[in-house]
Each structure stands twice: as C-alpha cells, then as structure tokens.
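Before any comments, here is the structure.
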Amino acid sequence: MDLSTLLQYLVTGLTLGSTYGLTALGFTIIFNTTGVINFAQGEFVMLGGMMSVFFLHSLGVSEPVAILLAVTATTITGALVERLAIRPVRHCPAINLVIITIGISILIRGIAMILWGKDTYALPSFSGNAPVFFLGAAIMPQALWVLGISLVLLGGLKFFFSATIQGKAMLACSFNAKAASLVGIGVQRMVLFSFMISAFVGAVGGVILAPITLTSFDVGIMLGLKGFAACILGGLGNPFGAAAGGIILGVLEALGAGFISSAYKDALAFVILLILLFIKPSGLFGRDDAKRV
Amino acid sequence: MAYRRDMYWLAAFFTVLMLAPLAMPNNYYLTVLIMCCLHAMNAVGLCLLVGHAGQISLGHAGFYGLAAYTSAFLSTTIGLPVGLSMLAGIGAGTVTSVLVGLPSLKLHGHYLAMATLGFGVILSILFTETIDITGGPSGFVGIPGLSVFGYELTNDASIYRVVALGLCLIVWLAFNVLHSRIGRALRALHTSEKAAQAMGVDVARYKLFVFVLSAFFSSVAGVLYAHYLTFIAPASFGFMFSVEIIVMVVLGGMISVPGSIIGAFFLTVLPEFLRAFENSEIILFGAILVLCMIFLPDGLAGGWNRLWQRLRAASAQASLRKQI
Amino acid sequence: MKHTGLIGIILGFVLTASVCMAAPIKIGAIFSVTGPASFLGEPEKNTVLLLQEQINANGGIHGQPVEVIVYDDESDVNKCVMAAKKLLDQDQVSVVIGPSISGNTLAIARFFSSAKVPLISCAAAEKIVSPVLPWIFNTPQLDRHVVIKILQDAQAKGYSRLAVLTVSDGYGQAGRAVLKERIPADGFVLVADEVYGPKDTDMTAQLTSIKAQNPDAIICWGTNPGPAVVARNRMQLGLTTPLYMSHGVASDKFIELAGEAAEGLVLPAGRLVAVDQVPADHPQKPVLDSYVQGYTGKFNTAISSFGGYAHDAFMLVAEAIRLGNSAQPADIRDNLEKITAFPGTTGVYSYTPDNHNGLDESAFIMVTISQGAWSVTN
Amino acid sequence: MKHTVLECRKLSVRFGGVQALHEVDFQADQGHITAIIGPNGAGKTTLLNVISGMVSPVSGEILFDTHTITHCPVHQRNSLGMVRTFQNLEIFSNMTVLENVMTGCHGHMPLAAWHSLLRTPKAIALEHRIKEQALEALEFVGLTGLNTVSAKELAFGQQRSLELARALAARPRLLLLDEPAAGLNIAETQALAEMIVRIRDTYQVSIILVEHDMELVMGISDAIMVLCFGQVISRGTPGQIQKDPQVIAAYLGSDEDE
C-alpha cells in the first residue's frame, strides 16, 4: 500500500465527509432551538442544488447569480416551512413535529419532481475540472471549495452561537423555551430564524456539492440519513461535533471501500458508528446530560 | 372495564375482517387488505414500543426482513417444510432483536433512533450483498406459498383469512399486555424511569421485553409476507419502511392500538386511491400527512374520539330538548 | 399548435366511432413511473400512451380500438403486486406490458401464470425468460448479449486484465453475475470486482483500488447517474485505463452529465441512440425513424432506449393480435410465439416456444462517445 | 425492643469535585419516623438517593434488615420493601389515578410475563388483587372516586396524595419521603402530618423523612439527624435537636428561605 493511495482515500473521505457534515450542521441548528430533528434538511440541500441548475438553465443568468437566487429561495422556503407547518403545531409533542418534517420532505421532493423532472443534473464546477496533485493524490478544485466553505460556515456558526446575543438566545430556547420567553426572547422568532439559517446552510451545501455529486430531486433522502448519522456521531447540538461526525463518517466509508470491501462500506461505517455510540452514549463530542434526581 | 371494551372492539374488528371478502368484488381488494393487515401487525408492535413505552425504533423493517429472508432461505434453498421455516424465521427475527436491543436500549431518544437505524441499515445491506443467500437486490424468487399444517393455501381468500386471524391474535396479545402489570410498567417507564424503578420496575428488562415483543410481531408479519408474495427483495425492508411504520403509529394516535391499525390501513390504502393522480400522488401524500398531523395532533383515533364525543353531546342535547 | 384542438375533436370522433364499432382491447401496463427506476418507467409510459393514440387514430387493430391502462408501481414491489392484481382481477386486461424492473417482474410472474394472461416485461434479467415460463416474455436485450459484445471488443483490442465496477441494485447485480461468469470463461483475468451503491456520489475510492490492480480496461455497469460519476472520477484521478459502459447509460443524458469525461468511452447500445447512423436498408430503420419522430414530436424530450422496450412490447402484442385476429389472452400468447423477424426499436424479434426474448447480440452496436455525440464503431 | 431497619455506614458521595456526603452514618428504627434535616445543599436528598439506589456511593455500606444493598439496583430494593416518593412529583401523567396506584403493586406482586401475555386465570386473579389493593390505598389517602380521572388533571395537593397512595400500594416496610410537604399550604401540611402518622400506625411502616418544614418535622418525628455540608452535625429526638447550639448555628448561618 503506497502513500498516494492512502492519501487518495483520505481526500475522498474528506470530500464525502464534508457533504455529510454540511447536512449535519443544518440538523444541529434546528435541533438547538427546537429539540426536533428536521427530516426535511436533506431537501434543503437538494433545493440549493436543483434551483441553481434551474435558474442557470431556464433564466439564463450567470452561475453566481443563479446560486445567489437559489440560496435565497431556499432560505425563504425554510421560513415558509416554519410558518406554515411548524408554528401551528408548536405545542405538540416532538414526535409529531418530526412526522411533520417527514411529510414536508415528501412534499418538497414531490414538488421538485414535478417542477424539474426526475433527471439528474450537473452544475459546472466553480473553477474548472483540472485536478491538483498532492503527493500523488488527485484533489479536485471543487473539493477545496467544499472544504473551504464548510470551514467558513462552521466558524461562522460557532461564532454565532457562542458570541452573539441572537445565537445565545437561540440556544436558550432549546434548553428551556419557557424560561427563554420569560427573559424576553421571542421564541417563535428564534425558531423561524433557525429554520432560515439551516435552510441557508443546506442550500449553500447543495450548491457547492452539486458540481461533484450531481443533483436530482431525490438526493435529499440519502444526505438526510447520513447527515443525521453524522450529527448523532458528533453529539447532537454541537456544530463542531456535527462537522467532525460527518468527516469521520466520510473517511470511514472511503477507507472501508478502499481497503476492505466496497460492497460493505456503508455497513462498516455504521458498525463503527454503533460501537462508538455504545462506548460514548451521547456522541463523541456531546455532553452527558446527567439528570438531577 | 377497559379490557372488556377493547375485547368488544377486537370481536367487532375480527367479524368485519372475516366478512370483508364477501363485500370484495375481486382479488385485487384482498391483496390490498392482506398488505394492510401485514402493515398493521408491524404498527401494533411499534404502538406498544413507541406509544406506550416511549422508546423509538427505526430498525423494525430489518426484523421484518430478516424473518422473511430466513424463512425464504430455509424453505426454498434448504427445503425445510414451510411451517418449520416460518417458525425459524420468526425465531431469527426475535432473537436478533434481543441482540440489537441489549446494547441499544441503554441509549435514549435520538441516539436510540440512530442505533436502531444503524442496525436496520446494516441488515438491509446484508440482504443486498449476500447475493448467494438472498438473491441480492433483484430479489429472492420461488418461495413456496403459505401452508398451514402441511396444507397449502392456494387462493387469496384463504391466505387473507390466515393473515387476518394472525393480526387479530397479535392485537389480542397487545391488549393483554397493555391491560396487565407489564403495560403499566411500560407506561410508567415512559413518563419517569426513576419513578418506575422506585415502584420495582426493572426498566432495562421491560424495555427489552417490549422491543423484542414488537420485533416478534414484525417477524410474524415478515414470514407471512414472504410466503404470501413468494418473492422478496431488499428494497421492501429498507429504512423508509421503518419510518413508514412509525408514521402509521403516530398518525393513528400513538397510544391507541385500534388507532395504529387504522393508521396502517389508511397509509396502505391511500396510495391506491391516489393512483389516479399519477405524478401528483407523492405531493398529495405528503400534504395529507402534514395536514393530518396539524389538524389531528392526537391522530386519527383521537380525531375520531373527539368527533364521537361531540356527536354524543349533540344527541344528548337534542334528546334533552325533546324532553323539555 | 393551433390545430391541437381540432385534432383532439377529430380524435374524439374517431374514438367514439370505434367504441361504437367494437369493444376496446384492454392492454394493461405497469411501469416504475416514479421512484428510483423512474428513468425507465417514464419513457415507457409515454411510449405506450403515444402508441395507443397512434393506433387508435389509424382505426385500431382490426377495427378494434385499444385501451391502455397504465399503473405506476413507484419502483416498489408491493405496489407492483397490487397493480398486477388490479389489472388481472379488476380491469381484466388481455395482456400486460411491463414492469420496468426485473425484481418486480419476477414478483408478479406467478400471478400471470395462474391467471393465464401473457406478460411482456420491459426488464432484462435472464431469470425472467430462462427457464421459459409459458406466459412470460420480455423485450430488452439480455445482459449476456451486452457482455458478449463488450468482451468481443476487448478481445479485438487485446485486453486481458479486466476490472468490473457495478452498481449494487438489480441491474448491476444481473450484469455482475454474467461478467463474473464470462470474463474467466472467455480467457480474461478478472483483477478487481468493485461495487458502488445506487445513491453513491463518489467512486474515487473504488477507482483508486482498481487503479492499484493495473487492469487493461474497466467495465462499469450501472444506470444514470452513477456511471457519469464514475466517468468524472476517472478523469479526476487522471486514469487513462479504457472504460467500457453498459447499455444502461445509452441516452444523451449520460453525455450531458459526464461532460468532457464521457469522451472516448465505449459501450454497446441499441440502434436507437444513433438512428441517423443506421443504414437506410436496415430492417429496423423505418421503425426507428417513426418512433423517434413520434416521441420527440409529442413529448419534447430526448428519446431513450428504455421507452423502446415498451414500444417493442406494444407492437409485438399488436402484431400477435393481428396474426391471430383475436385479443383473447391465450391466443395472444400463442401468436406471440409465432412472430419471426419482427423489427422493433431494440432489435429484430423472433419468439419461439423456447425463446421468449427473441433477440441476439446483433441487436447491439458498439458506440464510442466522441465530441459529445455517439459514433458507431462497427 | 428497638430493631434497626436501615443502617448506613460511612457513606461518601462525590459529584465531580464536590463532596456531597462525607462518611455519613445513619440508622432508622423499626416503626419510627426518622427525619433528615439540614440547610440547603446539605446533602439530604443525596442521602435519600443513595439509600434508594439512584446514586451510588463512593464508599460505605447500606444494610436493609440483614441484607447488604449498597450495590443493589433500585427496582430490587423495591421488592425488598423499600419505596420512595419524589420531591418534584413523579406521577405517571399518562395513566389514570387508579393505574398509577396499581403500578405501585408492581414490585411485590410479580408474575411471569407469559401469564400476562396470554391473560391466564392466574393473571386475571392477580389483576383483581392488585386492583383491590390499589383501591384500598386510594381510600386511605382520600382519593376515592377519582379512579378513572387522568392523573395529570389532579390538583397539586391531590397529586402529592396520589404519590403517597402509589407508594402505599407497594406495601413497603420502609417508606422514604422526599420533602412531601413542598408546595402544600398550611392546612394541607397538617393533613399530611396526620396521614404520615396514620400510615406508620396502620401499616407498621418505618418512615424516613427529608423535609424543610420544621413544624412538620418536629411534630411527628421520633428521631432526627441533621446534615450540614455533607456531614452529620447532630442527631437525637426533636427536643434535643431544637436545643443543639450547632444546629441553631448552622441554620442561622445559612440562607434558609425556600
């Protein structure tokens, strides 16, 4: 086994992992304000990619404009989802909300299918397809874009949640919505914001991934599944954990496919995930919430 | 008493199921009904697990599939009698659920969901990749048909009766459990694990019990499914089916066994009705799901109860007015 | 499109007139119009609806109009079973076309044998027609034909060490099984056998380990979009090993998705991908031309060879009805077996009681993708 | 003749860096009401949690009758006859009042699961006995007639009584009460005091009481132990405790409003 092969697997894993990590980030934001896992998160990623393709082809605008439009439209979709489907049932148990997000994901997928058909589309890479070679491993320029933008998003979110009033207010809502509203935080507004931000993050993810992974109306399902796994692995609620969980999952898959068996790579990744979960029941970077008796 | 009321319901349900074929113009409806019953078996188990014990599982499609594949393999490849293979299939699904439940049930909430989901995904990859045993993604062909005590059931009506009877037995077991000390223990550990412990409930054991019981129900459904269809493919046992069962239970109202049966029937029949809408079907399906959850937060069963109470109140008022 | 309304009215008259004349022949169809296999089901559904319209506009078959009932199985086996039951028991059709995928075909085959209604599947798995079941036929080229075609090409080019990369769904599994059987049997060495998931978005790991085995050529077996990603990843890794694709990607969509990475790829395909390069005296030429014109004219989308499977199934059924002048299920079945040298879009069919596929590897041509277009190499 | 029901020897508990209990010795006598008091954060509830098994001690030993139960899981302590209530009500809000109390019978009326599954005659008979006992306990605490009401619809005071009834249905020999008077008004507290005494006298139960309400404690306790910062600073009868200068200092020196 030579170094360049190993390095190639790592590069693959990192690129793949960023996909999962970006989806996981979106999960984290909504979880942090509502305590609910939003199963429509994968659909936000899909919308980002598909709308970019759609605007690019049908409006004939340039790629950056199409992307800007797509991200904006997805963010608005996030807001609409919250206003129309989540807010009316905010007092229901969490499982009801989760089922509603499942319904919404089916709905969004269906609308996308009817609007844009069932085909797969490709978005042009941001800066060409000529790979950069590093110690014999090929790295796509787009992969660097993905890694870079993921890091920027992660840093931004970290700053937002730990250093801004808005971010702290959002966190407060998840810990205790009633207490948060007592100290004057508009809980509903925060929930709305969280849907918008996570739709935004999802859309950005969808846009930067589309040139690598291609996009179609149904890419959201798999991304949602892996993103959920990533944020559980990292520990729910921790943006850093979510990103790290995604990277770990991606690298595990790539190494599994490379060294052991490409047929069982997902199974291997999940076996390791389960083992980690049994050792650390609240994720790698999650807090143990020891409840007071 | 509540148990007696549930038994009346079960008797009525059983009668309706047994009479239903008489009202069916052809076999197509029987097939739909058989699928409804199989899904309802899964839903009843999950109703105990999710609605009553407050635990979640996104892996029950795996047990459903494991039982189906085990029975298919034993009866087709090995050549065991169908009845024996079915028992072995149910056994395999149930025993595996013990192995899955033991480590997983120590986890809570979303982490438990993830662990069971992980097991489900691993099982479904095994179904896909062990091509020599399972026939791989294109499916397991040529499974012998359902037979009871060596007597093969060839027509849909008799298969339907067996499946419907199986569902009723499962519902009976579920009611028995719910109206016993076990049922109370499950509801207790749902609200407060520590209070349940203080009342002498071995929380870990009861969680495992209900997990295994629900997996047993799914396994029964699985072997019936395999020998009814005589063909199985991994796509039927994926993660989406696990989610679908949960949706059935929640749509039915979480804690109500009749509710989850109604949820299962509703979600199985709905796509058949929506067939006419072709491509818009998926949109309608999503919209109906969302609207149901928004306007019937306590499920179809809860909505029905409220309607019933309102009607009763109205008729009581009417009769009162008459008396005056 | 000013005349659409007028045509509609005329069509309406024709239809009502023919209904008055005779009871329609009921043809059922089950396709995966939605779900993962919708790339098959959608063109298939469009095709049968188009043919229904065309045939009825021309006075039906022997004066009897055709009524097609299409159900979507959502690529799901349970829905497929219910659809089959509905067609057999409720709609009581004379013959059924579909389903789109092999698993679903195998799942419902039994019902057709017991109902004694012929089923003409649009799925390719060998298990469907071997062993031959009296009531089950199919129209696509068998995977075996594809593999033979690819291996002939590899032999001609002097390759000996081959690697395969297949998708882990029914399509890939069937291809992989034949590849693993034929490659050693035809004197090649199978150096790598890799698999990717139908939803995977990155195959560099598989290609990297294939690269380490240093094969002479790689055979990728899958349907869009997977192979497009494989082609892109191959280019990214700077891999120059020749790459064969299967007929599963034989649509313009593949070239669009793979972009410049599609350049130089070789694959066997039906003549439908390069109709303009089919010689005018070829028996399939008129069928191909009329199908392409009809389809692109009505649906405004690119033609796909999958729709062709449904086209051929439909035309074969129509031919069988014409041959026996009967739309009874049993007669359709018997007459299907009498069809010989019938040109379809996929190939030239000759059904016999022992052969319910009716094609051979001459249904394929080897094509190379060059400058974003298909070019026939032999 | 005095007989010790429960004995704790040199119990220590640590939460991270905080020493919650330091070598606490404690005993409760048969048929007595033994109170544990102390200022906030003294470790009273922690001690109760250790006794009931919800917190494991770092060192020390707990004896229940003659059994060592230091590492015995919570539900087994219940079967041995030890039952507790909770400071923050832990009623089963998803059940009716009757079901709540019937759950109390779980530990001391075991039955193999298959009996319940198949609803054998044995299971039916047991259900009847459980129901009788539960009804009796409900009557004892004065909640008769509310059987089919959902537990979460009860008033706060009634929920307290429900917790007591649930504990009583378990037929305990040792009852651990964690601040039973918290949130009750003066009249309700008085009624509670009477009920606690009545429970002891009717069922010959030993009771360990953690409580803030001094009037209640002084009125009904047979013995009192005072904890301060995880250490025992005094023990004796109510009379002795009230005069102990160390106790007075501990209370005056601390912020005692709750």
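Each chain gets a letter, A, B, C and D, in the order it is written, and its residues are counted from 1.
By our rule, a residue touches a chain if its C-beta (ideal position, glycine included) is under 8 Å from a C-beta of that chain, and two chains touch if they have at least 3 such contacts.
As the structure is a computational prediction, the values presented were derived from the model and not from experiment.
Farthest from chain D in terms of Cα centroid separation is C.
Put simply, the chain nearest the middle, going by average C-alpha positions, is B.
Taking each chain's centre as the mean of its C-alpha atoms, chain A lies 31 Å from chain B.
The geometric centre of chain B is 37 Å away from that of chain C, both derived from CA atoms. Centres computed as Cα averages put chain C at a distance of 74 Å from chain D. Residue positions of chain D touching 2 or more other chains: 54.
Among the residues of chain C, those in touch with two or more other chains are 34, 168, 195. Within chain A, the positions touching two or more other chains are listed as 113, 221, 263, 266, 293.
For chain D in complex with chain B, the residues that touch the partner chain are 52-54, 73-75, 78-79, 83-84, 86, 90-95, 99, 102-109, 111, 113, 116-119, 123, 126-127, 130, 166, 170.
Residues 34, 36, 38-39, 42, 168, 194-197, 199, 201-202, 204-206, 208-209, 211-212, 224-225, 228-229, 232, 235-238, 253, 256-257, 259-261 of chain C are the ones that touch chain A when the two sit in their complex. Chain B meets chain C in the complex at residues 25-28, 31-32, 35, 128-129, 131, 136-139, 141, 229-233, 235-236, 271-272, 275, 278-279, 281-282.
Across the interface of their complex, chain C is touched by residues 5, 8-9, 11-13, 15-16, 19, 113, 118-122, 129, 131, 133, 138, 140, 209, 212-214, 216, 218-219, 221-222, 253-255, 257-259, 262-263, 265-266 of chain A.
In the complex of the two chains, the chain A residues touching chain B come out as 37, 85, 88-89, 92, 95-96, 99-100, 102-111, 113-114, 221, 225, 228-229, 232, 236, 263-264, 266-267, 270-271, 273-274, 277-278, 281-283, 293.
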